[in-house]
Amino acid sequence: MKKVLVFVLILAITVTAAFASGSGESADSGKKTITIGAESWEINKLFLEQAAAEFEAAHPDVDVEIVTIADQTKLANYILDWGRGTTDVDLVFLDGGIFSVEYAAKDLIYDFEKDLDFFADFPKSNFTPGSLETGFINDGQYCLPAIYEVYGISINKAMFEEAGLLDENGNPLPIKTWDEFYDAAEKLTKKDSNGTATQVGASIQFGNNLHIILGSAIYAQFGDAYAEDGITYNVDNDYIRNMIGTWQKGIQNGYISQSTFVDNAGGRNGFKAGQIAMCFEAAGRWMEAIDTIGTENLALIPIPGDFGGTVCFGCQMVIPRASENADIVCQFIKEAIYGEYVQVNAFSEYGKMSVIQKYFDEALEGTPIWNGIADSMSKARPLKEYEESQKFLNGLNQIFQGGLVSTTTTPADMVDQILDLSASIRK
Amino acid sequence: MRRQRTSFSVFVSVSLLVISLVFILPIIFCIFTSFKESTEIIRDITFFPRKWSSVNYDYIFARGAKYLQYYLNTIIITVCSVAITLVLSALAGYAFARLPFKGSRLILSMILFLLAFPLCAILIPIYMMEFEIGLLNTYLGIILPNLLCILPFSIFIMRGTFIDMSGELEDSAEIDGCNAPQAFLHIMLPLAQNALIIVLVSGFYNVWGEYTIAKTLASKDSIMPISVALTLLKSEDWNYGVLAAAITLSIIPPITIFAIFQDKLVEGMTAGSIKG
Amino acid sequence: MRMLSRNHIMQNTISSRRKSKERWGRIFVLPTCIVLFVFVVYPVCYTFILAFSRYNFAFDRSMTFIGVQNFIDMFKDNQFLTALRNTLEFTLYMFVILIVLSLAIALLLFNKKKNSWFFRISIFMPIVVPASLICILFSFMLADNFGIINKFLLDIGLSRFTHNWLTDAETAKWCVIIVEVWGKVGFCTILFLSGLQNISSDLFEAAELDGAIGWKKLFYIIIPNIRETFVVVGIWAILQCLKLFVTPNVLTNGGPANSTLVMYQNIYNTAFNYFDMGYAAAQAFILTALVMIFSMLNMKIGKKEA
C-alpha cells in the first residue's frame, strides 16, 4: 500500500515536472521573442512594460517579454548559463556597472561599440555628458546606461527654515565645506530633555554605495577621485582626514544618523518620514518625499567641495553573447528605452535622469528643484569599477562602520586602513 | 490545596497570555500596517490604522492572477516534499532503528554529514548539475534539494522514536509470522503517529518559507514559489505597506489550515503516546 | 542430542530471521539513499575538490590545485575569524534561550489543557511566516527613526530607553538573537509538548502521591522522561544556531561593522558576491565539522544520561 503510494507520488511529480519544463518552451512560429530581465524597481521606474508595448506596436513581428529578477545574486546563474552559450534572456538590466565586471572579464557580453556598432546610427553626441562613460567597463562599452543618477544632498527646507539656515529669498544658505555641513547638521538636530534625538541633522549613505559617497566627496573637492596612479581613491590627504573627522564627530554626537549602517534605505526612509533634514545619497531622493513632505519644502544642494562636481552611475543594460537577437535588442534600446516616453517619465516621475540630452533638457524644465545642483550635474563623472569591487565595498563598510563610532580610531587610522584595503584588492 | 491549584492555573493562563501577545502582536501590527497608506506608515505611526485603505492589496493584485500560480507552486512543492519525506524517513528511520545491517552505521553517519553540510556551498554545483540533466525550472528540481534539507533531520526523529519503542509488540508479531514490512506497517507505524506529525510540521516549516534554493533554481513564473515571488515586489526598497500585505497574504492559508486542524494535531500527538 | 538439534533449529531460524531483517533493512533504506546520495554525490565531491583549489568562478578560467592553502588562509583572515567567533557566541546564547524558553512554554501549555487554542495558535504562528519576511518586518519595527518600538517608548514617556537598536553593535547582536528565537521557539515547543504528552499519566499520578510537585516534579519526573526529546530538540537547535543565516543577512546585513556576521553568511557572500568558490568550499567544510562535532556531543551527552 505504502509502496504503491510512493510510486504514484513519484510518478505524479515526474509528470508535473516534465509538463512544467515543457510548457515554457512553446515556440511561436514566425514571431521573434526578445526577453528582458530586470528587477522589479527597474520595471516600474523605467516604464519597461510601456516601452515593450510601444515597441511591439511598431514591430508587429516581435514579442517583448519581461521577466523579473529576484535580486542580484541571480547574476551568478547568468555567468554559468552564458559561459555555456545558452541564455533565457536577451537583455539584462543591472543595478550598476559594478555587476557587469565579471561578465566583461569572461567576455560573456557584447561590446556595444566594437561588436554591435551601436553608435553608427545613434551618435554618442545624443547622450548627456558623462552618462555614457558609466557603461564603459574594462576598456569597452560593455554596458549602456538606461538612465543615470548623480549624487547630491536632498534637504528638508522646512527644517532649514526653523534652524535659520535659509537666506531672505528662502533659498538654503550654501554649504561649501564639511565643517559647514557639520555645523548645519548640529543646528538641524533636535533632542528632547533626555537627550534622545527627535530630529536628526543628516544622513550619509554608509552602506551599499559607500564607495560612491567617498568617491563623490573626493571628486567634489579635487575634480578627480583618484590619486596619481589613476586608480586608488585619493584619500591620503588632510582634506579627506578632516572630512572623515567631521563625519565621526557628527555620528558620535548624534547629528548624523547611523541608520544606513545596516539598512541601506534607512537614510532615505528617515528623510521621507520627516525625521532627517539632509540626505546625502543619490540626488533623486527628494522626489520620493514629495508625498510626505511636500515639494515646496524640498531642495537639492551640491556636495561640499571646491571643484563642485559629482559622481554619476547608471542603471546598465547588457546583452549576452549567447543571445541570438542582439540586433533586435539594439533596435529596442534605440527606439523604446531611449525613446521619449521612458526617458522623460523616468526623470520627471522618479528622478532617474535621462541619458539622452534632448529629453534631459525637456524633463529638467518641468522640475526646477534639480537646478539646485545643475552646476555639479554638468561636471558629473563616473567612478572606475574594480574587478573586486564587491570586496572593496565590503571592506570600506567595515572601516567606516567600525571607525566612525569608535573613540580610539582616528580619521588618520581610517585613511590608512582604506589605503591598505585598496592595495589588497584586484583592480 | 485547591486554592493553590487555582492560583497556579491563573499563573499559567496569565503567563501564556503574555507570551502569546509577544508572538502575535508583531503579526497583528503587520496585518494592520497592510491596510495603511504609505504616509501613515512612516509618519506619526500608530498601531491601528486611522484610515483603512486597500492600496497595498491593489498593488499586489494589479500584478494579476500570477499570484495564484505562485501559491499553487508553493503548495505543490511543499506537499510533495513533505509527503516524500514522511514515507522515506519512516522507512529509513525504522530500518536504522530496528533492522540494522552491515554498513547501516556508515550510511547513518553520512546522513549526519549531509545534515551538517551548509547547502549554500553546493548550490552552484547543484545548479550546474540540474542544468546538465534538465531539471532546472522543474518542480522536481526544487523538491530534491529541499529533501536534502529536511530528510536527514526527519530520519533522526523517526529513528529516535523507533528506538524508544519497546520491542515486545514487534517480537510477538514476528512470532505470529509477520515479516518486517508487515510488522512495520501494522504495528510500529501507527505507534509512531506522534513523530510523523513532527516530521510533517518540521518539513512544512522548512519548505513553506524556503528562499535560497528556490531563488537559485527557479526563475520561471510557472515554478516560482510564493516566498521568492513576494520578494519580486520589492522596489528599490521595500514599500512596507506592500510588504505587510504580502506577508498577510502568505500566512493566511497556513494559519487557516492550522486553526482548523490544530485540535487534530494536538490529539494526534497525544494519541501516539501509548508507550510509557 | 535432541536438545542440541532443537537449539540448532532455533539458531537457524534466528539467523535466517536476522538475514531477512538485514535484507529488509537494506530495502527500507534504499530509496532514501537514492534520493539523498545520488543527488549530492556530484555536488559534494565537486565542492570537496574546490576546497583544495583556487577558483574564482568569475575571473579564473580553470581551477588551480593549491593544497591546504585555503585552510591556512582562513585562520589569517579576520573576516572569517570574526564570523567564527560570532557564530559560536550566537550559538551559545541562542541554544540556551531556545531550549529554556521552549521547555517553559511547553510546560505551560501542557498544564493548560482546556481553552488553549488561542495560545497554541499564537505561539505556533511564527512558524508559518517565511523567515526572510519576518526579518524585514522586524527591521521595520526596530528602525531608529520611524520604528514602532521607539515610537511606543517615546509615547509612553520612556524616551531615554529609545535606542538605535540595529545600528549599535551590541544591541544588534541581541536583536538578531531575539528575532531568531521569536521565529524558532514555536517549533521547539511543539517538540517538547509532544515529548511531555508521551509521559504516561500514571507516572504523574504516582509522583503526585509521593508528594512530588512543583520543581521537584519538573526535575525528577519530567526532565528524565523526555530525554530523547532533549536530544532531538538539541540537534535541531544546534543546526539552527550554527547554520544561522537569514536573520543576520536580512535584518542587519552582517553589520554594523561585521558585528553580526556569521559563518554561513560569510560562505554565501564569498561564493555569491566574490565568486571565490574554492575559499567558500573550504569554509563550508569547517562549518560542517563544527556542526557534526556539536551534534555528536549532544547525542553523547543525551546517551550518557539515559
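The chains carry the letters A, B and C, assigned in the order they are written, with residues numbered from 1 in each.
By our rule, a residue touches a chain if its C-beta (ideal position, glycine included) is under 8 Å from a C-beta of that chain, and two chains touch if they have at least 3 such contacts.
Treat the numbers as computed from the prediction; the structure is a model and nothing was measured.
Peer 1: Which of line, ring, star, complete and other names the graph you get from chains that touch?
Peer 2: complete
Peer 1: Counting C-beta pairs in contact, pick out the pair of chains that comes out on top.
Peer 2: B-C
Peer 1: Which integer distance in Å separates the CA centroid of chain A from that of chain B?
Peer 2: The computed centroid separation for chain A versus chain B comes out at 37 Å.
Peer 1: Measure off the straight-line distance from the CA centroid of chain B to the CA centroid of chain C, and report it in whole Å.
Peer 2: 14
Peer 1: Scan chain A for residues touching two or more other chains and write them down.
Peer 2: Those would be 6, 73, 76, 264, 269, 273.
Peer 1: For chain C, what residues touch not just one other chain but two or more?
Peer 2: Within chain C, residues 31, 57, 146, 271-272 contact more than one other chain.
Peer 1: Could you list which residues of chain B touch at least two other chains?
Peer 2: Chain B, residues with two or more chain partners: 42-43, 84, 87, 91, 124, 231, 238.
Peer 1: Chain B touches which residues of chain C in the complex?
Peer 2: 17, 20-26, 28-29, 31-33, 35-37, 39-40, 42-44, 46-47, 57, 105, 108-109, 111-112, 116-133, 136-138, 140-141, 146-148, 151, 182, 186-187, 190-191, 193-194, 197-200, 202-203, 228, 231-232, 235-236, 239, 243, 245-246, 263-264, 267-268, 271-272, 277, 280-281, 283-284, 287-289, 291-292, 295-296
Peer 1: Contact residues on chain C for chain A in the complex?
Peer 2: Listed in rising order, the residues are 31, 57-59, 139, 143-146, 154, 159-160, 162, 164, 166-169, 172, 251-253, 255-258, 269, 271-275.
Peer 1: Please output the residues of chain A touching chain C within their complex, sorted ascending.
Peer 2: 6, 73, 76, 79, 101-102, 105-106, 192, 194-196, 198, 200, 207, 257-259, 261-264, 266, 269-270, 273, 275-276, 387-388, 390-391, 394, 397-398, 401-402, 405, 426
Peer 1: So in the complex, the part of chain B that touches chain C is made up of which residues?
Peer 2: The contact residues of chain B facing chain C are 8-9, 12-13, 15-17, 19-24, 26-27, 29-30, 42-43, 45, 47, 84, 87-89, 91-92, 94-96, 98-102, 104, 107, 110-118, 120-126, 129, 144-145, 147-148, 151-153, 155-157, 160-161, 164, 174, 179-181, 184, 194, 197-198, 201-202, 205, 208-209, 211-212, 227, 230-231, 238, 240, 243-244, 246-247, 250-251, 254-255, 258-259, 262-263, 266, 269-270, 272-273, 275-276.
Peer 1: Per the contact definition, I'd like the list of chain A residues that touch chain B in the complex.
Peer 2: Residue list for chain A touching chain B: 1-2, 5-6, 9-10, 12-14, 16-18, 20-21, 23-24, 39-41, 44-45, 67-68, 70-71, 73-74, 76-77, 80-81, 84, 88, 264-265, 268-269, 272-274, 291-292.
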